[in-house]
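Chain naming follows the written order as A, B, C and D, and within any one chain the residues start at number 1.
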Amino acid sequence: MTAAPPASPVLAIENYSLDYTLRHGTARVLDGVNLAIGKGEVVGLVGESGSGKSSLAWAIMRHLPRNAVEASGRLSLGGLDLRGLDAKGLQAVRGKRIGMVFQDPSTALNPTLRLGEQVIEVLMRHRGLGRAEARDAAEAALAEVELRNPTALMRRYPHEASGGEKQRVVIATAFATAPELILFDEPTTALDVITGARILELFARLRERTGVAALYISHDLGLVSRVADRVSVLRQGRIVEEGAPEAVFLDPRHDYTRRLVAAVPRPHRRLVDDAAGGDTVLAANGLSVRYGRRRLFRPPPPPATKAVSLEVRAGEILGVVGESGSGKSSLARGLTGLAEFDGGIHATGRRLDHARQMDKAYRRAVQIVFQHPDSSLNPRMRIGDILARPLKLYGGALSDIPALLEQVRLPADYARKYPHQLSGGEKQRVAIARAFAARPSLVICDEITAALDVSVQAQVVELLLALRRQHGTAYLFITHDLNLIRQIAHRIAVMQQGELVDLRDAAAIDAPDAHPYTRALIAASPAPVG
Amino acid sequence: MTRLPFSRRHLLAGVAGIATLPAGALPVLAQSSTSPASTSPASTIPAPAAGAPRRGGVLRVSVDQAASVIHPLRSRVNPEYLVTELLYSNLTRLKPDMTPEPDLATAWTPNADLTEWRFTLRQGVVFHDGTPCTATDVAATFKAILDPKTASPARTNVGPIASVEAVDAQTVLFRLSAPYADLPVAVAYTSARIIPARFAEGDLDALARQAVGTGPFKLVSYEPDRRIIVTRNEQYYDPARPYLDRVEVMVFPDSTAEASALISGDTDLMSNAGQGEFPRLSSARGVKALRVPSGQFLNVNMDCAQPPFNDVRVRRALALAMDREAMVGFVAQGYGTPGNDVPMNAAYHFHKEFPLKKPDIAAAKRLLAEAGHPNGLDVTLVASENPGTRAQLAVAMREMARPAGFRINVQTMPHATYLDQVWKKGSFYVGFYNMQATADAIFSLLYTSDSAWNETRWNNADFDKLVREARVTADEAKRRGLYDAAQKLMHEEVPSVIPAFFDLLAAQRSYVQGYTLHPRGAVFRLDQVWMGDGAPRRG
Amino acid sequence: MSTGWLLRRLFLVAYTVLVVSVLVFAITQVLPADAAVTLLGENATPEALAAVRDRLGLNDPIWLQYWHWLTAALTGDFGHSMRTGQPVAPMMLTALSRSLLLALLSILLMLAVAVPLGLWAALRQGKAADLVTGFISYIGVSLPEFVTATLLLIVLADWLQWLPATGYVPPGEDFWDSMAHLVLPVLTVSVIMVAHVSRMVRSETIDVLHSDYIRAARLKGLAPRSVLLRHVLRNALLPVITIVALDVGYLLGGIIVVEEIFALPGIGRQLIVAITARDLPAIQAGALVMAVTYAVASTLADIAYALLDRRIRYD
Amino acid sequence: MTDLLRRLLRTPQGAIGSALLVLLALLCLLGPELAPRDPEAIDFLGRFRPPGAQNWLGADQLGRDVLSRLMTGARSTIPLALLATLLGTLAGAVIGTLSAYLGGRWDEAIMRNVDAVMAIPGLLLALLLVSSLGKGSLNATLAIAIAFTPGMARVTRSVALNVRAQDYVKAALARGERASFIVLREMLPNVVGPVVVETTIRVAFAVMLFATLSFLGLGAQPPAPEWGLMVAEARRFVHQAPWIILAPALAIGVTAIAFNLLGDGLRDALNPRDER
């Protein structure tokens, strides 16, 4: 592995600049980008949202929006000038010489076409095969990506396959035409942790076997540094740093890279060192959350969580991890009365058997912050009005609003703004301020950083910890990011298919007696290099 | 498609037309009782036939509303009369001059005081089912008509019959409750068709779906809202008629479409043409527009027993506000004659000509003030939607009466609602009536105290007396004198405002021969029609 | 799609019919006309009226009348028309068959025109062709049927004399003549639907064109033709099923006016005639037949959608 | 709000639609004052007068000035269509929002009945209702409002369900806010946008439905210069004087187009499509 650019690259990007014409002038999206990928080389491209990394991928694939203007530069694929290609030439390159693997396999596959068809059509087109040959080749390609029983899978529709299977189909399609270069656009982001890890393993094996060159695009610096031979860091359209992954990760030279590296969660770098209090603020006893109800001619729906029991102590950060569908968010909905539950909740000195028994005291004490900053604030209300609601409900003066905003490090004049005038991180801060306006003893954080960039996530986490130090609030922190939770939680609960399979101290999460599923999760979330 | 409009059109000459005359230029009718030619303008008489009547062919005649009832004793509207006339016979028939001619009866004689009438029936007539038609059937039919349970409109229209008796197979004797000169005309009434005794005395309702008559045609199929097909009755008593093999009665609820169908050659005869369509029909090639003056009228009925219309001055005021010449234009689009608040015009035998009432707003205002309405009068005038001319009349009356101080609020409603809630009950509404065969028929239908439909509750004893006397008077001159006096009374007292009479309008393809537009509006005589040169061949 | 789901759909159709029957029966009870007077006409005597009221059970309490009507209706007996004296059920079924012919032909014509038009506009989004189709479709959805019908009648039947103006000929009698009579009604009914559906096809197609999987298909280097036919078309046309099913409601309403104008003795015209004549049994049966038609059509559309789009899971 | 207006006027549909509607609104406000003649005055000599200097749009079968009737008639056509739609929308919005808020069994029950009523074609329902209530503009308004209610309830419910699934509503529920606050302050303002779009487009339908009812003789009463009634009355004379029918028919079409355009413009202004 070398950090030097290759001599005769498969793909060479030279001084490439791209503008978008908008209603008010033009915006530069890519600015003098230089990048080269050698034969068999994997180059990682890291950047946060808005950095231009996707635009670069579209530029290479020659799929730019109508308002895009290519200001300068060259894009060449093994000497072929991509910018000079006409429609016909382009179709001969796309899918044949450059393959692409997309972020979300469930939207990248045509929902009304059988999976097999979607591989076969590419093979017929680019390898000039007849239908029967293409079918055999497709089966072989699917076997290549380690899918069990490819024949059966080919007959299924996308919705009948799991996310991992679909991404394998997409990868098989990309590899099946033996392209010179494959673009990977965040191929694991939409997948669960364990599935994503398997896809990465597959990718490693495939590149070894085929020696294909690849551009691997991701927001996750830790992940890229594990798969790439070289890494480029993109910020606001410019490549600010490039080099070997270890070098970039361990010894970042640019300020931005340094901040980025610092924001990557590292399981062993604890951010919380105090212990939790002794009192229990909330306890769930055999909590089962069930959606829907029995209806005519329909089977009853299965419960989303099955008899979960746990308790949160004063000032404690209890992490809840699990994959999507594990029931961790349903737990939050049960605890906040948003869904009916069986079993009991002990809090504020009472036992609750139904959501409707939740009184003002309980609701004040248990607050929730949601995942999506865009939908958690009413777009028709000003920030000040949003923050005024808990004050009106639970007592408090409207004059506290500036202080509340200041507490989450927002200027006081934000009270007059509407949500759409705020960035995602700012909105999440408002949501946190709203929760803290009630002076709660427990705040349930439901994947609150999942939609945020790494650097913003670090700031929000830091804010939460500061608020806890100040108010002694306990958190029920729901996340899929094991590395993050290991940094902050006192104890970690692991959920799988609605059941609580493991609950232990954060320090003992990787102990040998942990549940096999916990161990699988840890294995799928390796600590970043360094 | 079965039509060949282009080739046919070239064969046809242009159409002559009274219809192209300007409105109002219609000659005043001669009063005559002898020849149909004198009561009808020249154009309604079929052009001299190109040779003798020819047998064969299919006639498509269009009607403007559904023939929902083909029961011969219960039919109520013109399309239904058209169908039952094809299938059944009466004792007598009404000629275009409103005098009777033989149908099933070949002769009739009254006793001296006009209280008994003896009708001699035609020999050898058979019903469609092959059974002979005798005096028994005739007697049974009239008994059924007179039975209130039958609910036949004919009950009040066939004269003061007390009893009917089959004297022998060929003779029927009518005994009347009062002397009656017009019985031979009355029995020609359009829902007094002769039916077999077994239906008249048995399952009368069965004739709602089948037809067993002695008419020139037999029923083939009956779809009330679409098409009724009849075929030639080979056993018809007149061996020469009918000339047509088949008649198809087509229902067209939309008059524009109905006219279009005739113009495009889809149909051959349009039994009733709207005034709006008439100019177009007149100028269409291959189409002959037909027009005949008639006693059909719209009247605005006022309840003479209730305020405000119980005051004759109010009624006169309203009558004085009307511009009758203009009304003929507004309501009949010029295809009509002005009315003088008397339900008869020149089409009637005993019509009395008065000078036309002229609009006099000042006089009307004065009368209204005298009647106690110096600040004007608010009234609601109801008009059924059917036909559309009712609303037209209401709106025109509203505007004409406004300067005189009448503030008329027009209210229209579906015909069924009108019949249920307003007709015979309301105090101010628009009525619409066909021409009747005789003066007595129209008076005793609408205006005498004992009339069938005493809408105005005018109940004028003098008028009643005059009408009653005329009924039993055989002497022509004396009778005319009585009717003149009766008309004068109505002219002055205005129980209803009758501002305009309608001409009957129709249209036919030029190749249709032998059709006469009958001023009664309810008589069609399709048995006399035959297809001339250029007629399409229809399966 | 499970049996449970199908059973549920059938149950819903039955429920719909029940609700509609109650509603229609209630409305006909307050119609301002006396059923006995309507039946006997102007010449009825009071005794005859009383006899008829008794025979029809008009003196019973309303709920009892409803119950008798419903139980009879379930056996297919909707009573006799007050206007013609004929049994209502066969009358309405014959009428329905004609309306269905009109409706089916209209839908076929509509699909044949609207789908290509919508696709074409979508593929040329923002260009002249798109704007022109858009403008025409605005006019199409903005003209009530009676205006369209009158205009078509004047131009095609009167001026050009290409087509018979009105009337109905059963297809079994003379097929081509029958079709010629249906052209104008079918055209009129189709106009609004063409305008509406082509707009929906356009926007669905644009949505599909912007979807990730179409982008993916293009980036896989597939031929544009194959992208259009295999990927775009299928996904863009699926929602059209639902739209067409929803339009059936509108279509049935439009049929009322169109049949009235073109003298097509279908269910719509029967209803108009029945309403103006206050023919209560006919109104009840006609309205019910229409509601059942709509409910069945939308259920069929749901089933078709479920069969065609394998994504939908009804559980 | 001004922002929305600016975006609306930037869409071609919004701009044309708004311009047409401003014109129509002026007609509604000032039409009777600006009309050159008395719209109800009959004129024997002027019957079927073709468009010209005396009657710019011609005269009808009673010699009434078509232009004056058209201008006066705007007031009896458009406001009632608007009123009918608004009533229907209001009723539908209350039912739909309530149904979405209540959820579960109640939602199911309400929506099943709404679906059942929707199985009766709107025109038929309106016809039956007007026949029962009696003819007249106000009854027609009411009938159209009732006929529109189930459809609007469906639309509002689906929008409201969408809004109800938003985290800010969940947050309000978790906070223990009163139902009225959640429905009125959290949900309704966010439901309004899409519902306004739907309503606007429905006004076009209402104008057409009104005209159709009048055409079938169940709407306005003569001699009212209501446009649909004008078309119905003129139909008999279409061959003699096509201008009598063309003028009101076009007026109906233009009004419907204006509301359709405005609705589409509003839709685009409320959710701008991405630039791609």
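Criterion: contacts are C-beta pairs under 8 Å (C-beta built on N, C-alpha and C of every residue); 3 or more make two chains touch, one makes a residue touch a chain.
Only a predicted model underlies this, so the values are computations on that prediction, with no experimental measurement involved.
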item: Contact-richer chain pair [B-D vs C-D]; value: C-D
item: Chain nearest the overall Cα centroid; value: C
item: Subunit B and subunit D, separation of their C-alpha mean positions in angstrom; value: 45
item: Rounded Å distance, subunit C centre to subunit D centre (Cα mean); value: 22
item: Between subunit D and subunit A, distance of the C-alpha-averaged centres to the nearest whole Å; value: 47
item: CA centroid of subunit A to CA centroid of subunit B, Å; value: 87
item: Touching two or more other chains - residues of subunit D; value: 131, 134, 235, 238-239, 276
item: Contacts with 2+ other chains: residues of subunit B; value: 256, 385, 414
item: Subunit C, residues touching no fewer than two other chains; value: 32, 150, 158, 260, 275
item: Subunit D partner contacts - residues on subunit B that touch it in the complex; value: 255-256, 259, 274-277, 279-280, 323, 326, 329-330, 333, 385, 388, 391-392, 394-396, 398-400, 410-414
item: For the subunit D and subunit A complex, residues of the former touching the latter; value: 104-105, 108, 166-168, 170-177, 185-186, 189-190, 275-276
item: Interface residues, subunit A side, partner subunit D - complex; value: 20, 22, 65-67, 293, 295, 333, 336-338, 358-360, 363, 367-368, 370-372, 375-381, 389-390, 393, 431, 434, 438
item: In the complex with subunit B, residue positions of subunit C that touch it; value: 32-34, 37-38, 40-45, 47-48, 83-86, 150, 153, 157-158, 161, 164-168, 174, 176-177, 180, 260-263, 265, 269-270, 273, 275-278
item: Subunit C - residues contacting subunit A, complex; value: 4-5, 7-8, 11, 211-224, 226, 230-231, 234-235, 238, 308-311, 313, 315
